[in-house]
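One chain, chain A, appears in both complexes that follow, with chain B as partner in the first and chain C in the second.
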Partner chain A sequence: MTAMPQISADTLANMEKQRRRTRISSAFRYSLLIIVGLIMVYPLIWMFGASFKTNAEIFSSPSFWPKEPTVQGYIDGWKTSTPYTFAKFFMNSMMIIIPKMIGTAISCTLVAYGFARFDFPFKKIIFSTVIATLLLPNVVTRIPQYLLFRDIGWLDSFLPLWVPSALAGDAFFVFMLIQFLRAIPRDMEEAARVDGANTLQTLIYIVVPMLTPALISVCLFQFMWTMNDFLGPLIYLSSVENYPISLALKLSIDTTEAFAWNQILAMSCLALAPSLIVFFMAQKYFIEGISTGGVKG
Partner chain B sequence: MGGDSKYLGLWYVAPYVIGLLLFTAFPFIASFYLSFTDYDLLSKPEWTGLDNYQKLFTRDRTFDKSLKVTLVYVFMTVPLKLAFALFIAVILNYRLRAIGLFRTAFYVPSILGGSIAIAVLWRYIFADTGLVNMMLEGIGLEGVNWFGDPENALFTISLLRCWQFGSAMVIFLAALQSVDKSLYEAASIDGANKWQLFRYITLPLITPVIFFNLIMQTVQAFQEFNGPYIITEGGPLKSTYLLPLYIYDKAFKSFDMGYASAIAWVLFVIIMVLTLIAFWSSKKWVYYAGDKRS
Partner chain C sequence: MAELQLKSVEKMYGNGFKAVHGIDLDVKDGEFMVLVGPSGCAKSTTLRMIAGLETISGGEIRIGDKIINDLTPGKRGIAMVFQNYALYPHMKVRKNLSFGLKLKRKPKDEIEASTGEVSGILEIDELLDRLPKQLSGGQAQRVAVGRALIKSPEVFLFDEPLSNLDAKLRASMRVRITDLHKRLRDEGRPATVIYVTHDQVEAMTMGDRICVMKDGHIMQVADPVTLYEKPANAFVAGFIGMPEMNLADAELTMDGTPKLTLAGQTITAPADLSARLNAAPGPVTLGIRPQHMTIETDGAADAFSGVIHNIEFMGHEVNVHVTIGDAAFIAVVPTEKFNLKLQRGDRVGLRPTGVQMHIFDKASGENVSLAE
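Take a look at the complex of A and B:
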């Protein structure tokens, strides 16, 4: 196959036509993406702008720009109608999230390491339960879980929110870490074993450093999901002093007088802030995590 | 790792096994048992046989309504969301500039969408004089009664889910980017047009992620709670009263644990049956690389 194909004037004209068509369709694509992108993001921008508006203005103009900017919504909203300020609810959210995140990272690493690097009796069966729990709807286990936590006296504490995750209860993360581990070559680990390290040392000094990007993804997803979790706290926490942000927001909708829209919007903006900040700081881990493991959400 | 005891691996997975037994396996069986009982938390569960299920299927109008609403919601939301996610992923997959910027803009709603704050926002932008109606009126259209009208309320809730198409889109995009470009070139030489390239090359090659997204999104949609609970509280006229809301009310408002478990099991069986159908049918339409079929 050494002969070059002949290029006729005809083909050249065709190529020109082709190029013009590509240009038009790429202009079309960009405009479509920009319109869709605006529709996606505008509600958030509007929300942020509206949180600085007066109550009268919120429902009078579709523009996000406040005419007479005021931080009254933030000041009033922060006080809340409870004996606590919003600071307390932020603290509670962090008190739920941070131990849960650490517990998840440690337990899921141990379990994923066990599955990815060892053979043991019943491994197949146990691993198949990981996949099964991945698909098992929580709705079917929620009531007995509640009864269990009630019987051991954990209601109205953070324990029901921490403990299942600290026992690698989020099968999705276990699965994601196993996928990561399978892709990492074992040479380094084997070398460490030859040098006399035991399996736990190998895990801590060799595997964990290589697993760090995946672990960051796990922590970030756990952060977001726990931040968004509403049903868990709703069922398990009953006293206001334990409320995380999600419950506090629901409470403020129920108790704030009907026309204090700007307070509610202001507190909603604050409630979204931690997730947004974390997302923009660590975007690439989200996209990587989601593309390797596939994700709910 | 040769010299280790064959039980060593079990130690590493032990936390998972304990958690599985305590928080998944035991509750799973217990909830099946409870669904055959009458249990109000005050006295011991009392065995009532099939009474709960009988009542559900013959005398409970709320259940009928709730089941219907749930099915409509799932079959409306999941295809809409996935089709949109795939459509945008295909467009993003052309070598465009600023792909990262667009991907971020489309993905942010998925990160935030499940939160209560967004549900609150939804209440405001779809209110009678809210953002959406103000915009519609601005371009000369008539405002829509998004939540007040039982005909529209479910759709408005569904839109909140569709708005979160980003995570499905990112998965689609990753799959699209891994499609071997030489296949397109070969087919183009044979004279295939763009639609044919998509229909006969792209689509078959990404069926595994379509399948994955379909299952995950369906299982989730059946369990939607936050949106309808915050935005419409199940109303108007129970038009957004999804089964998870009904289960919650029965279990944690009227403390009818037995009956609530029965509803949960009906929901579970529906999800399982649909998942099994999907797995069974996947042999016919999902393509796996290395497979002999073409």
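Take a look at the complex of A and C:
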């Protein structure tokens, strides 16, 4: 009779011990994660803090918290040392990014749809070629491309920066969409054809909606990569009035002898903002898009 | 008028595989035609050629008096219900139903009227504002049928529409579809239906006529009763009926009356069979349905002697598995006529009643016992 409560008390103690152990181990795990995470974002936090410091304070104190917060860096940085304000450079970036993103989404969808759903002569060879360009190092094509665009007379314009991508020049995106399309059963498209839709209508009304998560990822990648692209604009753009943000940031370093670091940091913070905003807005679809096969049965 | 005609239709796939070998099929206006056959016999291929989702390698297909070989699916006057519903995942049920009409640029009020009518018939009014992923299997299936119905096509095509449903739901959907077909017929707008299934229960219960296929050939086209009572060949005989028809190699001899020898035992063919026989003596395939044999005591006249190998008690009837020589037979006998003392290993006589006993040509499999 007495053995029963004895056992259950024991078990209880055991369970309590077990629970405490779990709690300690998860506390440990989370602290470790937080520390590592902090180390990784610290430069970013520091940059954000430093953008509110005076130029002198940046080098005198290692703390990221500004002693006398000031927005002078933002004001001066925005004006820049050129005849243009930073708004001009933002505009320039957008003039490249927007046509590039839209063009990429449309052209890559068309190409991927063609490869994923239709049979045509030499399909295998053509597809291999597309994939081969994916493996080709970027540098290899830089010089021929430069010469080509020079002969067309596109130097110092935005065209070389977005036209190739807008014509499905980015094999990576084509490949990504093809993989996504392969995971979508064809039945829906066949049903649409039986319903009387032609190829283009099927694409627009049926395929594109199902492809949306993937398309959002494509646009997002394209946005971020173009925003951060430094080499492309550096090669093709020569006049300051055409500079996108990436070049403009470097510009402030070039022209001033005593670098106004707080201005550079302030503008870097601004330059980060669009990517961050777009990313957080599209985050839900983005994650759905890169984990392929986002269609529920 | 929408009869459907297939004339020596062939299908050769891109990899050189010939899936359909010149089939001919006439489906009458308003007829419910079931295509049935084992997996891989090209039922879907045939249906998809009619739908226009697969190119036709040879022959021609007509709907009414139009040759439709080269028409796009949308122009053929067909509607199709797919095995896994194939509803458009991003559209509400309402839009799923009306998509086809919208593409045809039908006026808005007409589309709304049709949607209302169809959802009433299929009892999906309450689902109109849901997305496909918010539907159960049975509901999704009804929406899929609705999407076909709303176009009032000349020919309905179904590709195993019920195979994803559980047994109970399947039975009720079966009735629903046949009811719908009858209803359309009564309303004076008969619909021609081609219904693919590999389930013989569906085939027998739903079809006005059934087309049995095997390896890209048509084995027989007939109404359910004819198919069951007068199978044209051994394949159809074995495919239709539960449990399967017993088929065994035997020897046919004709000294005065036809006689059958099986595993060294010779019996006189039942009179019913002799009257129909149109065969030359020699090796044949003997076919007897399990329901058309009686269990006798061993040594009874005109019965094959065999050993009971297994007894399955089903309640109202008993399945008795008997081995004669090395041929395995199943006899289904009503429980009240079965001697329940019999056990595995007992020797019994197995006597064909002669009803629906068939003799098939050994080489071609043709039924040679169908003479009038």
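By our rule, the second predicted complex is superposed on the first by the 253 of 297 C-alpha atoms of A that agree within 3 Å, B and C clash if a C-alpha of one lies under 4 Å from a C-alpha of the other, contacts with A are read in each partner's own complex, and residues count from 1 in each chain.
By definition in this document, a residue touches a chain if its C-beta (ideal position, glycine included) is under 8 Å from a C-beta of that chain, and two chains touch if they have at least 3 such contacts.
The model shown is predicted, which means the values in this text are computed figures rather than measured ones.
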Which superposed partner A:R193 touches (first chain B, second chain C, both, neither): both
First (chain B), second (chain C), both or neither touched by A:S238: neither
Which of chain B and chain C A:P209 touches, first, second, both or neither: second
Partner, of chain C and chain B, that touches more residues belonging to chain A: B
Partner chain(s) touched by A:T129 [first = chain B, second = chain C, both, neither]: first
First (chain B), second (chain C), both or neither touched by A:N14: neither
Which superposed partner A:T85 touches (first chain B, second chain C, both, neither): neither
First, second, both or neither for A:R29, with chain B first and chain C second: first
Contacts of A:Q201 with chain B and chain C, given as first, second, both or neither: second
Contacts of A:S157 with chain B and chain C, given as first, second, both or neither: neither
Chain C-contacting residues of chain A that also contact chain B: 119, 190, 193, 295-297
Residues of chain C touching chain A in the complex: 14, 51-53, 72-75, 78-80, 82, 84, 86-90, 99-100, 103-104, 133, 147, 151
Residue numbers on chain A that touch chain C, as the complex places them: 119, 185, 187-188, 190-198, 201, 205-206, 209-210, 212, 295-297
Residues on chain B engaged by chain A in the complex (per definition of touch): 1, 4, 6-13, 15-20, 22-24, 26-28, 30-31, 34, 88, 91-92, 94, 96, 102-118, 120-121, 124-125, 127, 129-131, 134-135, 138, 163-164, 167, 170-171, 173-174, 209, 212-213, 215-216, 219-220, 222-223, 225-226, 229-230, 244, 247-248, 251-252, 257, 260-261, 264-265, 267-268, 271, 275
Chain A to chain B touching residues, read off their complex: 26, 29-30, 32-33, 36-37, 40-41, 43-44, 46-47, 50, 58-62, 107, 110-111, 113-115, 117-123, 126, 129-130, 133, 135-148, 163-164, 166-169, 174, 190, 193, 199, 224-225, 227-228, 230-231, 235, 245-246, 249-250, 253, 261, 264-265, 267-269, 271-272, 275-276, 279, 283, 286-287, 290-291, 294-297
